[in-house]
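In the two complexes that follow, chain A is the common piece, with chain B as its partner first and chain C second.
Here is the complex of A and B:
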């Protein structure tokens, strides 16, 4: 186990995903993470998370120019029913104070969360990230995917809400018109921030030393050829989301149908009234007073579009995952085929 | 009045000790007191004890007067008092001469007869009470009790008295009973003829009629009795009428008419009325008869039937009007009586049901009550015999239905045993069998067919059909039952029937389903039971209890009505058995189906309830060994899903399930064998569905061993599956193996297909939104590729993965 944990933190393999959509006006353009933080997160998941349960924690660090340095973290305690009156804020403050006493960075710069097959785009995440970013501008959320990691490559991604989304969240206007005005699609909700894992020189030296001492670490996970299990799970989740999406669309459909029907009625009503008034005028009578039409025709409650947007984002995410996974796997299969041909 | 009695007592005491002065004193007081109560006496007649005293006193004084020696011994005071008293009483008694005379006469005559004591009692009591009205009746009793010679003499003297007393009758009114109770002799007398005395009890207007049923001396004939009967009946239904007393009166009337030999006509009429008033006894429709009333009712009906059977010349019917009734005995003319015995019997049957409904089914009382069913059936049988000869077809139909209603739910064990070829082992049992007569099946057949042919009301026929089906089903005649059900087309229009018929229909359907299950027609069983079970209100639908519901849905009135519809406990269908049969048949259908359509996106459920049970089972955090019937079925389903028929078998058929369910069937062993076989077959199917993707080929021999089925059976099952395209395989005859074609998609491919389908739906929905916005329908294919960009891309991804996993 130790060797596996070691893998990502070795300087030879700093997994840094390049982000395509980092916008210029964001205060954070790059994130530099200490190996310690990564290890601590992984350890946290190993110890407490299992299956589809997620673990969460607080990131601590500093902003240097446009670079966010994350130097430490601590987990949120797991919730149990019997300590319902547990004060989380109090706990965090205490923790940060204690860390400060031992001269560790104590500035709150975001939070981290584990994920299950990349299903993290949710309302809860959006809300909490919004409140973080609202209070501390430079906050990020680190998403750690333990399943992908177990397959051989560390998966760690940092996300921030785009300024556009921040604005919408501030106004709490999730109607179709609001989203349309803000020109926001599921692609523009989160921006990914590139990550660099950095260790101190002393640690690097230690790693070199350790690498020489330890026997060959088995890194077979990377070459695992079995794919169906993972794909099946992903597909299952994808399908669920698609179902949700369908439902949302149906809901929206009925809404817009109702709306248009009502609009028609309203229109008819106004026309009739106008005709009547015109007739009255020709007869020299006083026209009927204009009534408040909007009161008579209450528009149906428009369904909130934010969920649909989130689902779309999630679907996108899944698709990316599947695509990535299949392309990798395909490569592996070709490699295996070649190997087999070579052997025989 | 009590003053008078007190005075009399002291006088009598004084007489005993020969204290004449005291006697005189008291006598004067008594006279005064008597004068005072003159008004009462006028109204109520001469107090008998007074007369008796006067008479006794005079006798006594005369005796003393003649006894010269005794007189000499007396002191002066006493002697003087004696003479004055004697004179006074002579004078006084002159006023009451007649009364005293009559008293004396009776006494005299009593002494002369041998049966002295008895007659003294009787005479005293006559005098004391002045109840000349009952004279005749008591006379009759005496006549029977005393030996002939003496009786005759008595007769003569009584006749004499009879005339003399009759004159006074007008003057003298009857007395309250309590005042009469004075002397032991009287009490004894009372005991003698209690029946008659009873009637005076209570103060209702009716009593007057009861006391002197008939005016003394009136010739008791038909018209008089009928008049009296009508008089009694007029009180019926009126407020404050003592219904119990009324019944008593009618009984008395019946006795009188019997004694006077007025003929059966009148008796039948009275009996009719007695039974009717027995039914009337409970004003509340919901209340049921008390046990003694019920017994009385049964007895009455029995007697009535006796009469009807013994006398062929009685016509009864509802359509005979009161006027055209013929009750009197006229030669060569039959009696004609208004009344309908059938209605009475029907009512009795209903009362019986009511009694059963209101008895706690787990008590001894229930068993005792149930024993009466034999009598009820007997009465119905007798009535049936009677009406078959006399009644109209309509009536016959009605009584037949009653008979059917008492037969259809009973399992005919004797016929069953006979069918199995097992003769009763002991001689006595055989005798019993023979005396039993025809099988209930024949009876049902005969009765029902008659009703089918003759009945003109729809309801009776419907009931008869349902009962017939039920009976068939109960005795495992599945095809007859099913055909009858289908032919009757009841399923189409049963919703228009009234609730009791609907309940009967539900019961029949359930029985039919259970019958199908016993016969191994799992699918039919499931279909028959589906409607009842899926509602979750089986209990209510079968009329076997009320569901707990809040009062908003059902007010008290409705609840009462529903309660009246309940089926008595002994006719209940075991709900657990029903549920178990349903669940097991659902399991046998659903598990292979689930295995076959594991990846079908649009898989429908065969049985919702079964799925519900499965889910409940899954929700359990900790799975212990199954306890209840449902848990057993769920556990069995799980092992069946794996194709493990042995475990499944052990879950379905074990001690617990045997005692709970399977032992309730009459042919337990057959059912169990059938069940095992079904489990084996369905497990084999499930196994093939689930694991066919693992096999390239499988030998039928192996399958045969695995599922302990015969080879032809395995062969036929697999062939059937191949024909139905459920299993992609072919049979290799020479090696007896099943060769899999392996064309079924893998789970991943299945999933991808599902996803593609779902995405299609999504796109369609999206298109609709688009249409709405554009206001054009069908504009989807003409627009720019904007909306469908996402979906095809994903589809492509999926295709890629499919091909990749295929490469493997």
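Here is the complex of A and C:
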């Protein structure tokens, strides 16, 4: 999966505003998306995102009570050269300024990303979402899964970081003790926010017109029985992640073994010291100075636990997707059986 | 349909000429998409129409219509419109001002995301082509070769949202007064597969305009799709019964389709089907078991580390 460096703009004062007087610590309970945003995201991926590249973009909208309304979006250019970093912020600023001219909501409320078979739980995403959520309390990241959508139904999910995870990211304390203190499990990293789709009346009229004029036949991909391709790829990704996880576990095990060995060594050293001191005392010599034990035995570097957490979250996500997929397919297989039973 | 023509300089000859062309076009067509015209076919993606509708809703006070640029790709025989953005403009009785700087800027920004899109024309909401349109069209012909002009009747003046496309053509007497005529083009709608699926979902909101719709869970979707197929089968069955009872005359082509349909259900012996079904089900169950196992494993791992 291509990891992308996204630098969301550090919003200046006029941008990061929500409805005045809103309680900023009330989390967003629902996301309301306009049809236009959905279509734009689909189009963006279709045209610019073939292969396993992720496409990203910015969501614009406003906050109404406990709903986050997303009314428009614009895509981000792909990272082609490395000196395009500076351009990103400028591009964003210019885009927002221009959209303001035509009365489009120019309030930054989040970002969207496409995903390949559900693999989006990564350090990059975490960092981006953290900086967004830190600056704008209600921001979300919309994950659009084009492959699942192509199988028959739109797959769009909205995620936010849980407050606990936000705390940890703020502290930048990713060690084991830090995570233990916060009692974070991989299931508490992201919280999903329900999405509803709303269209204005004019767009509804447009939909009626389109249905009348357009003769695109329904392809019924949803009833497709083939499953092995999709399963294969998902399982492949799952296996890779599990391998990563096992490596991580091995690292952790060696670390803890080293730590305990070192403790033993320290202990032995102190004991020897004490013995020697006791002997010297009996002989009447001055005891050796107490040396700083901790400086002699430098404790090994504890491995960062954040990666493990991310991998665990990702594995969880893959498993969820696989289970959803298998449940759908089982249903379809039973239907096919009924159809055959009827005929034969 | 009423083809309105714009004249820069009035001339009787032009008037007569235009009227005759208009009547011919009237005779040939009744709605967009039905015409035999010389010119590229315009293929529009639904995202463009939704965008135009949205910018119309957000127009400034006092503006009766919005205009904007159309982006897309040009083929030999067709123009595919895939994106658009609105351009602020002011229109009054006798003058029109378009923020061209803005248009150029926006195009540059868009080009950075999708470098393959070029300006193919411009759009305006509203039912008629006015004189101002000619001026704007001239500006756009400087930006793109042979720009197309798209109109969308968002105010629903004629009861329908007429979506039309036009190409401009010079006409008149050489050397003397020249005018511009907008010839209509046929409009088709092109969808990517995923777009169609997105539209299917959006269409659900139109049945209950004031309420919103959530995204359904997986098994419900399969159920929904199966329900749709069932409806279609019911329609076909009623048609067949009507034909059998003599209420409707049999149509041979429909009969052939029905034969195809019935023959498409594969004839597999019961045991073969059983084995296929069972092996598939076993695969799926095994995968479910494995994923559950993995989830339990990582949960355990986490608890152990925390200890």
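The working rule: the second predicted complex is superposed on the first by the 285 of 344 C-alpha atoms of A that agree within 3 Å, B and C clash if a C-alpha of one lies under 4 Å from a C-alpha of the other, contacts with A are read in each partner's own complex, and residues count from 1 in each chain.
In this section, contacts are C-beta pairs under 8 Å (C-beta built on N, C-alpha and C of every residue); 3 or more make two chains touch, one makes a residue touch a chain.
This structure is a prediction, so every number in the text was calculated from the model and none was measured.
J.: Could you tell me if A:109 is touching chain B, chain C, both of them or neither one (first, second, both, neither)?
T.: neither
J.: Between chain B (first) and chain C (second), which does A:232 come into contact with in this model arrangement: first, second, both, or neither?
T.: A:232 sits against chain B, while chain C stays out of touch.
J.: Considering only touches as defined above, state whether A:223 meets chain B (first), chain C (second), both or neither.
T.: A:223 contacts chain C only, not chain B.
J.: After superposition on the shared chain, which partner residues are touched by A:161: those of chain B (first), chain C (second), both, or neither?
T.: neither
J.: Mind working out whether A:330 is in touch with chain B, chain C, both or neither, as first, second, both or neither?
T.: The answer is both, since A:330 touches chain B and chain C.
J.: In the overlaid three-chain picture, which partner chain does A:250 touch, first (chain B) or second (chain C), both, or neither?
T.: Only chain B is touched by A:250; chain C is not.
J.: Tell me the contact category for A:31 with respect to chain B and chain C: first, second, both or neither.
T.: neither
J.: On chain A, which partner's contacts cover more residues, chain B's or chain C's?
T.: C
J.: Just chain B (first), just chain C (second), both, or neither: which does A:322 touch?
T.: Both partners.
J.: Looking at A:242, would you say it contacts chain B, chain C, both, or neither? Reply first, second, both or neither.
T.: both
J.: Residue overlap on chain A between the chain B contact set and the chain C contact set?
T.: 227-228, 231, 235, 238, 242, 245, 249, 252, 315, 319, 322-323, 326, 329-330, 333, 337
J.: If you look only at chain B, which of its residues touch chain A in the complex?
T.: Going through chain B, the ones touching chain A are 746-748, 751-752, 754-755, 758-759, 761-762, 765-766, 768-769, 772-773, 790, 793-794, 797-798, 800-801, 804-805, 807-808.
J.: Note which residues of chain A are touching chain C in the complex, please.
T.: Where chain A meets chain C, its residues are 32, 34-36, 38-40, 42-48, 71-72, 74-78, 87, 91, 94-95, 98, 101-104, 146, 149-150, 152-156, 176, 179-180, 183, 185-187, 194-211, 213-214, 216, 218-223, 227-228, 231, 235, 238, 242, 245, 249, 252, 305, 308, 312, 315-316, 318-320, 322-333, 335-337, 339-340, 343-344.
J.: Per the contact definition, I'd like the list of chain A residues that touch chain B in the complex.
T.: It is residues 225, 227-228, 231-232, 235-236, 238-239, 242-243, 245-246, 249-250, 252-253, 256-257, 260, 315, 319, 322-323, 326, 329-330, 333, 337 of chain A that touch chain B.
J.: In the complex, go through chain C and note every residue touching chain A.
T.: Residue positions touching the partner: 33, 45-47, 49-51, 53-60, 82-83, 85-88, 99, 102, 105-106, 109, 112-114, 116, 154, 156, 160-161, 163, 189, 191-199, 201-203, 205-206, 209, 212-216, 218-219, 221-226, 228-229, 265, 267-268, 270, 273, 277, 280-281, 283-285, 287-288, 290-292, 294-295, 298-299, 301-302, 305-306.
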